[in-house]
Every structure is written in C-alpha cells, then in structure tokens.
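Take a look at the structures listed below.
First chain A sits with chain B, and in the next complex the same chain sits with chain C.
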Partner chain A sequence: MAVFDFLLAYDFLLIALLAGLAVAAVAGPLGSLVVWQRMAYFGDSLAHSALLGIALGLWLSIDGGVTTTLTCLLVALLLTVLEDHQKLATDTVLGIFSHTFLALGLLAITLMPGGRTNMEALLFGDILTVTTAEVITMWGLSLAVLVVLKLQWSAIVAMTVHQDLASVEGISVGRHKLLLKLMLALTVAISMKIVGVLLITALLIIPAAAARQFSKTPEQMALGASLLAAASVCLGLAGSLFWDVPVGPTIVLSASVLFLVVRVTSRPYI
Partner chain B sequence: MSDFYEWIRVSFQALAQEGTIPQAFEYGFVINALLCALLIGPLLGGVGTMVVAKRMAFFSQSIGNAAMTGVAIGVLLGESYTEPYISMFCFCILFALLLNYTKGRTQLSSDTLIGVFLSVSLAVGASLLLFVSAKVNTHILEAVLFGSVLTVSNTDMNVLLVVTLVILAVGTPLFNKMLLASLNPSLARARKVPVELMEYIFVLMITLLTVACLKIVGAVLVEALLLIPAAAARNVISSLRGFVILSMIFSTISCIAGVLIPMQFDLPLPSGGAIIMVAASFFIITTIIRATFPAYKEARN
Partner chain C sequence: MNIDTLINLTNVSKQFGEHVVLRQVDLDIKRNRIITLIGPNGAGKTTLVKVVLGLLGVDDGKVERSSHLKVGYMPQKLDLEPTIPLQVGRFLQFAEPDKQLCRDALNRTGILQLIDHPVQKLSGGETQRMLLARALLRRPNLLVLDEPVQGVDVTGQEALYQLIASLRDELECGIFMVSHDLHLVMAATDDVVCLNQHVCCSGSPQQVSVDPAFVELFGTKTALYTHRHDHHHDLNLEVISDADQPSGLDHQSKANHAVSTEVGSEVDRGGV
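Showing the complex of A and B:
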C-alpha cells in the first residue's frame, strides 16, 4: 500500500503516470505498424512538424495541443500527397521535410515576441507539467485510435503483409494507408508532451522492435510493445524521481535497456 | 595556423573599416563563421550527392545524434565543453562502424535497426547532455543541437580543415568506384571493386564530416545539409557532374546566407536553423521549376 500512499501524496506523479500509460497503450500497436511498414522516417517528420504546431499555437495564442494536433494531421495529408508525386526516393523527401519542419519550428519559436520559450521541454518532453484535462484528452484520443485500430486491424495487417493480395481481396489500400498515417499523426500529437519532439519516434520503434523478438503473431507483438512501452514509462518516471534526470530521455533510455535485455535473453521466432 | 587565421581576420577587418565590405565583418567571429561556411558548403554538397544516391539519409542522421552522446561523454571525461573533439571522433567512429557492421548481420530490417540505433543514441545523448548542461553550462544543449557560429574557435577551424583535406584526399580518387559500388554492387564486384570496403570508407567519411560540421550546423541538422542541396540539384539537372557541382553551389550559398542573414538583421537565430531554411527554399524553388517546365521533368530520368 505504500506505493499508493506515495502516489496520492505526489498527485502530479499519478497524473504523469496516467499520461505516460495513455501514450504507451497506443504506442505499442502503432509502433509495430511503423516497424512493419518501415515508416520510421515518416514518424520522424510528423514529430518534427509538431514543433511547428507548438510555434503556431504560441503565435496565435491558442492552446498548443489543438494546433499541434491539427498541424500533425495536415502534415500527414501533405506528405501522403507529396510521396505519390515525387520522383526522389521517399527517404530523401521525408528527410528534407522532417528537417525543414524542425528548422522552421525552431526559427518560429526563437523569433517569438515576448521572451524565450523553454526549448528543452519541447524537444525532450515535460511529463510533469501535464494537467488533468490533458490526461483526459490523451486517454480519449488514445482510446479512439485503439478502437479504430481494433476495427480495421485485420485489413491493416493484411495490407502490411501483402499489399497486392490485400487489394485483390477488396481492401482499399490507399484509404487504409491514409488512415494509418492520420492515426500516427494523432499519436505523435499526444506523445509530444511526454517525450518531446525528438524522442517520439524512439518511443514508437524501440518497444516494437523489442517485442518482435519474442512474438509469434502480430497481435502478440502489438500487445508486447504496449507492455514494454508501459514498463519504460514506469521505469523512466521512477528513474527521474530518484536521480533527478529529465523524464522524456529516461523513458526512452529505459526502453533501450529493455530492448537490450530482450534481445540478449530471448531466442527469436522470426 | 593561428597566425594565418589572424592574418585573414585582420585583413578583412581592415577592409570593413574602409567600408569596402559590410560592417558586420569588423567582428572576428563573423569571419571565422564565414571561413567555416566556405569549407563546409562544398564539402557537404559534394558528399550529399552520394548520400542521396545511396539512400543513406537515415544513417547519417543517426551519426549526427551519436555526436550528441560524444559531446556529453567528452564533457563528463573532462574535455572542454566547447571542443570535445577527441571523444566525439572516438565515439562517432565506433558507433558508425558498429552500425554498419550490424546492418548486414541481423534479421531486423535495416530501417528498424537504424531507427533503434538512432533513437538509442538520441536518448543517451539527450539524457547525458541535459545532465551535463545543468552542471556546466545551460547553453550547451541548444548549441550542440542547432549550431552556434559565434563560438567557432581556431581549433574548430583546424579540425574542419584537416577533415576537409582527408575527405578530398580519400574521396576524390575513389568517387567513381564508390558510386559504382552503390549503384550496382554486382557489377562493381565483377570489376574487382571492394564493395564492403567502399561502404566502410564512405561511412567513415560521413562520420568525420558530421563531427567537423557540428559546431556550425548542429547535431540534428547536419544531415539536412547533406540531403537538401543534393535533392534540390537533382530536381533540375540530369548529368552526374552537373548534379555534384550544383549541389555544392546550393550548399555553399545556403551556408553563407545562413551565417550572414541573422547577423545582418540582428536576429537571435541558431545558425543551423537559418542555413537549413535557405537550403529548403532552394529545394522548393527547384521543385517549382521542375513542375512548371516539362523539359526538366524529361531530363530527370
């Protein structure tokens, strides 16, 4: 019971934990999809565009969460359109956009009139300042993404395994890809506060890559990744509590340690 | 070497006082930054063409992130926080070699593997760097991430100069072989080009470059300067020679403009961000040119 007393005494920790778990729940399945579909770079571009969203929120003085979500969704659409119409390699295009967004967001925030913003919190997350309202929004969005994923899961997995076969079976590949990208955008928007712009992709990829090691089915991998992400959130919070280090990097570092442990201890099925 | 730099600075300052060139050149650091930009520009532009051709964008980004860890380790080991080159070079080279070695020997797809390496190095780097910056100097973080021209020292210029010479000496004679090895490995093997070795040499070149450019462009944005000018050049030119030259020109102009514009207009921008924005505008312009003039569309393929 000591744990609960502790959590109640430090209610900001409880809120932080809840926020972290909301992100972990959705990071598992979406991270697995990112790994399967090799969308790591796409996730990175989205994450960097979140910085632009924050800058926009500051300029227009509206809530940063709203502008971040909208910007991420818009960028996901933009990238989808551009990917189809560009002749350069996809990773080049995404690399260009990801860095342009980062530079643009950076400049917009630096040029903000009226004082400097805390860059560190934007880049590496600031889980301890999450408010109760934000936690509720996070869980709402996270559950919404999970429900949509659950409903479309078999179609998305079929598309991942074999695109042509899936489209022959009547699954509209283009629509599901777009759906996946929009869900990724939402995930990025809610993860922003937890791990920051630079580390979102890490939180998506590392648990999924670790879970891949011991999973036999796609569902196992998605669930395993969620559990590993949740464990990383807990470890990260505990670590930052005891050693007074920033939370975001510590969460990702815990995920890396778990990845190493899993890789060393378990024999791969694949 | 420092006498030589001093001589350049003094002569520029004399010119600035006469009014031949803009006032900004009265400051030593502006000239330092400009000299670095002149070295970095063509170098990144040239090597960038290979990065785009080999699709190694993600790879070079992870090296940039590794440099962050390198800086943090250096500061922890007691190197000066403005020039922790020894640990940066050591760590990044080890990291790059390890990554390239693991790439062919794992069942993870190379995209995921690089993603994991990238994320881990970023997380470790960020943790250590935030930890160090709280103790030593809170401005390290932004300077390392996004570059800071104001603090370029003679040592930085020496390192950059040596790296430039090494890359020119190694890269120029091997350029054709490397290109062949990356475009068509089987043909390259048939011609007795050591493909594996070329790969390692190229990876080491990128690593050296990334570390040397860290001061000006920043860890997160170095890779953008490898990619964007090359991609912009590729938009409008079809021959290989033109591709390399145009990429160099774009990248040099971006570096110089990115260094000078914030100083001219007195904006508190990090140099890396400004440089990338100039480069990005080149990319946008060339994309528009390609879209409006069908002749270029034909030429590309």
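Showing the complex of A and C:
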C-alpha cells in the first residue's frame, strides 16, 4: 500500500487527513440543515465570532480551542435570543453581528501584546499544524454531534419541513432549534483549524448543495454531503502538496469543482 | 365541559402589541360536528386556528381541551424548500414510522400511486391530499383544516369536501375548518362561525348567510349564493326569502358560482 506507507512517512499528513475527515463527517448533515433552513448567514456569524474566541485565548493565555468553542456556543445563544426579540429582518441582524465580530476579532488579535499571530492561518486554516491531541478532541466533538443528530434527526427534519405541523405532532420546536444552533457552533469551532473562519460556511454549504442534485431523501443528501466533503478534504490535501499552495482554500476549491461536476452530470431535480 | 366537547374557548382575547386580533371569542368544537370558520382577510382566522392548536397562548379568556384530545392538523399550504429532497412516503413517516400505515393513509386519500413522488412536484390537490393523509395517521378525534381546498380546481374542491365529510363519519371526529368563502362549504359543514376579530354571527350555513352581520361583512355578492334558480330578487338584489322552500343548493348551481369567484385555476393531475 503505497498510499499508506506515504502517510506513515509523513505522519503530519495522516493527522491532517484525520482532522479533515472529522469535520467532513459533521459537515454533511449539518450543512444540509443549513441549506434547508437558509442559515448560511448564521454560520458566517458563528465563524467570524470564532476569531474573538482565539483573541480571548491569547489574552487569557489558555488553549485557543477551548475559548473558541465557548465563544461560538455563547454567540449561538446570543443570536438565538436576539432573533426572537428584534424588529429588523434576521439577515440584517446577522449581517451586523457577523461583520462586527470579524472586525472586532481582527483588531483584538492585531492589538494583542507579545508575539505576532499568523493571521492567515486563522482566516484560511492551517490543517498541517493540527496536533494529535487536537485531532482526538475534534473527533470527540464530531462524534458527539453525530450521535445527537442521529437521535434527534427525524424531529429536526420534521421541524425544517413544517414548523407548526411538527409542533402539533408534539415536537418541541424551540428546543430543537436551539440544539441545532449549538451543534452548528461546535462544528464551526472544530472547523476553524481546517479551513479558517472565512471558508467554514463554504465547507458546510457546497458539498450539501452538490449532494442535493442526486438525492431523493434527506438522509441521502446528508450522507452524500459528508462523502463529498471527505473527498474535498482528500483532494485539497493532495492538491496543496502537489502545487505547494495553502490547504484551506484548496479544500474549498475542490468542493466547488466536485459541485460543478455533479451539477453538470445530474438531471435537474425539480 | 360537555362530554362531546373537544375544545371550548370562552371569552378568548388575543392581541399582538397594540393590535387586537381576537376579541372575546367563544367557540365550542364538538365530536362528530363540522364547524367552518369564515371571515375576511385579517379577521384573525389564522390566529384563532393557532389558539385552537395550542401553538399560541391567549391574553384573556379560557381554553379548555378534552383530556382525550388528539389533533390532526392540515396546514394551509406547504411552502417546502426546493432544496429538501423529500418524497410523499417519507413526508408521512414524520407522523408515523410504519410504512404500511402510511400506504393505507395515502390509499384512503386516493394518492397511493404518488408515494415515491417528490413532494415539490405535487399539484395543489395532491398536496392537500398528502397533508390530509398525514393528519389521518395521527388517528385524530379532531381534524383542523386550514383552507383545505386552497389551490385546488373546482371539481377537485367538490371531491375534497366529500372526502372530508366521509372521514368525519368514519373517524367520528370533530372537524374545525377555515374557509374564506361560505358558498364553497355550504354542503359540507354543520355549523358556521363568522369571524371579524369577534364572532359576528354563527349557526347553520343557511342561518348565517342571511344574518345582517354576515351580509354587511361580505356584501350582497356573497349573500347571493344563498339563492336558488327559482328565486326572486328585490330591487336591492336581496333575495326575497321564501320560507316554504328547501334552502339546500343543488350541485349545478354551486359549481357555477364557484367558477364565478376567484378560485385557483390550477389543473389537477391526480384524479382529485
């Protein structure tokens, strides 16, 4: 197995691949839900707030992964509360927060005393610097999200299809909405290292949009999106090695190419 | 609460901000009865339905529900995102995982052949029948139907109302139905409640259609639908009542009237 020998020789590649696959696994079902519920802007807001989490970690001198995860979860809660108590359109509110978080995060990191931070890695990801401990954490969170998704899948999809109908049939809509947002926050937090804050939403949306082309059921789309995301990670890693370019953008571009291929080879679905 | 009562609303009021939507509404929904809620746009019909369904709380008044209440709900329409891949059979499985029961329900509403069809490709009548099948799967003792014939062509509307009436007999359930047109539901309903923030009149369709409050709300155009082919008009186009005559409509005249009003002209594929 030449590929396997190669990966063993370059163990950082193996770790990078495992990290990417952890994200791909959750990106499929959650990305599908983001597409169905038109939550792309929400994903952006969470992703941008992740920068604030990094700044917080630097400031408090604690692990950036912990502060990023907590910040994303808190912002998800904040946005959920705000969504219910404001008169502006949701995308306007999210637009305000999303870019405020981004600007605030950029400034906070730039102004951080002592040591320069690699801004590019934060914005576009740096999968090759992922540590073994980080991969274990990522898979732990990824599997936790997958288990919760598996248990609540039917209820969440029913709510997505028709909120009132689901509610009359006994599904607690408010609770499941919040649950979905918190899972999205965790996904964003673990995706940070892979594709960076600017490209996280792309990894959620593009494989899901591609999988829509050939899917007949919600489950097929979720699974198809995960497989396409995994393929994008593999292609992105290979492409970045081959051409010596940054990994994050190469992964996203691979997803775009896969989308185009699926799009032109499938029949229109509606 | 009466033993046959499924849901009873007493003196219910509801407002959104400063805007009063429901004012001191009384409503009694009973087993084996079909109640139709009519009213102009903005009359609070949707709000009242949401209160009945328990989706909205009330600001004032009392809502009592029978402890055996099991609601089957058929929403006004299904604005399904084109990005959700969903077939008719899978749609029903949200209410009932058992595939055979889903097939039975589709068979009952007459669209079993569409079980593998994408939901987004259904016609108006087919969509309503799918929604009805999902409501049936809950084995309800109350069916709440919000504008059940919306987007259905004229012959399909007739068939759908017949189906609803036969389901009532079969399930022995109560039916609470919303419509914006009285004449469309004349034959299908037992009672009519006319809503315009408050209940302006209620009773049998024949009673309501000549009630001054109803005529004021809907004008003489709608009131004309109580007429028969051998009726007489006075100079104000009001129907001169003739107490001896039966007040039911025959099908022919009803269909003609339906054509003359704004009814969706969509062509129905599914033999509705």
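Operating definition for what follows: the second predicted complex is superposed on the first by the 269 of 270 C-alpha atoms of A that agree within 3 Å, B and C clash if a C-alpha of one lies under 4 Å from a C-alpha of the other, contacts with A are read in each partner's own complex, and residues count from 1 in each chain.
Going forward, a contact is a pair of C-beta atoms (placed from the backbone, for glycine too) under 8 Å apart; a residue touches a chain by one contact, two chains touch by 3 or more.
Note that the structure is predicted; figures quoted are calculated from it, not measured.
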item: Touching partner for A:Thr131 - first (chain B), second (chain C), both, neither; value: neither
item: First (chain B), second (chain C), both or neither touched by A:Pro249; value: first
item: A:Asn118 touches, of chain B and chain C: first, second, both or neither?; value: neither
item: Partner chain in contact with A:Val157 - chain B first, chain C second, else both or neither; value: second
item: Partner touching more residues of chain A, whether chain B or chain C; value: B
item: First (chain B), second (chain C), both or neither touched by A:Val35; value: both
item: Touched partner set for A:Gly95, first chain B, second chain C, both or neither; value: first
item: First (chain B), second (chain C), both or neither touched by A:Ala166; value: second
item: Overlap of chain C and chain B interfaces on chain A (superposed complexes); value: 35, 38, 209, 212, 270
item: Touching residues (chain side chain C, partner chain A) in the complex; value: 50, 53-55, 71, 73, 75, 78, 80-87, 90-91, 94-95, 118, 120-121, 134, 138, 144
item: Chain A-facing residues of chain B, complex; value: 52, 55, 57-58, 61, 107-109, 111-112, 114-116, 118-120, 122-124, 126-127, 130-131, 141-142, 145-146, 220-221, 223-224, 227-228, 231, 234-235, 267-270, 272-274, 276-277, 280, 283, 300-301
item: Chain A residues within the chain B interface of the complex; value: 35, 38, 40-41, 87-89, 91-96, 99-100, 102-104, 106-107, 110-111, 119-120, 123-124, 198-199, 201-202, 205-206, 209, 212, 245-246, 248-250, 252-253, 255-256, 259, 268, 270
item: For the chain A and chain C complex, residues of the former touching the latter; value: 35-36, 38, 154, 157-158, 160-162, 164-169, 209, 212, 215-218, 220-221, 269-270
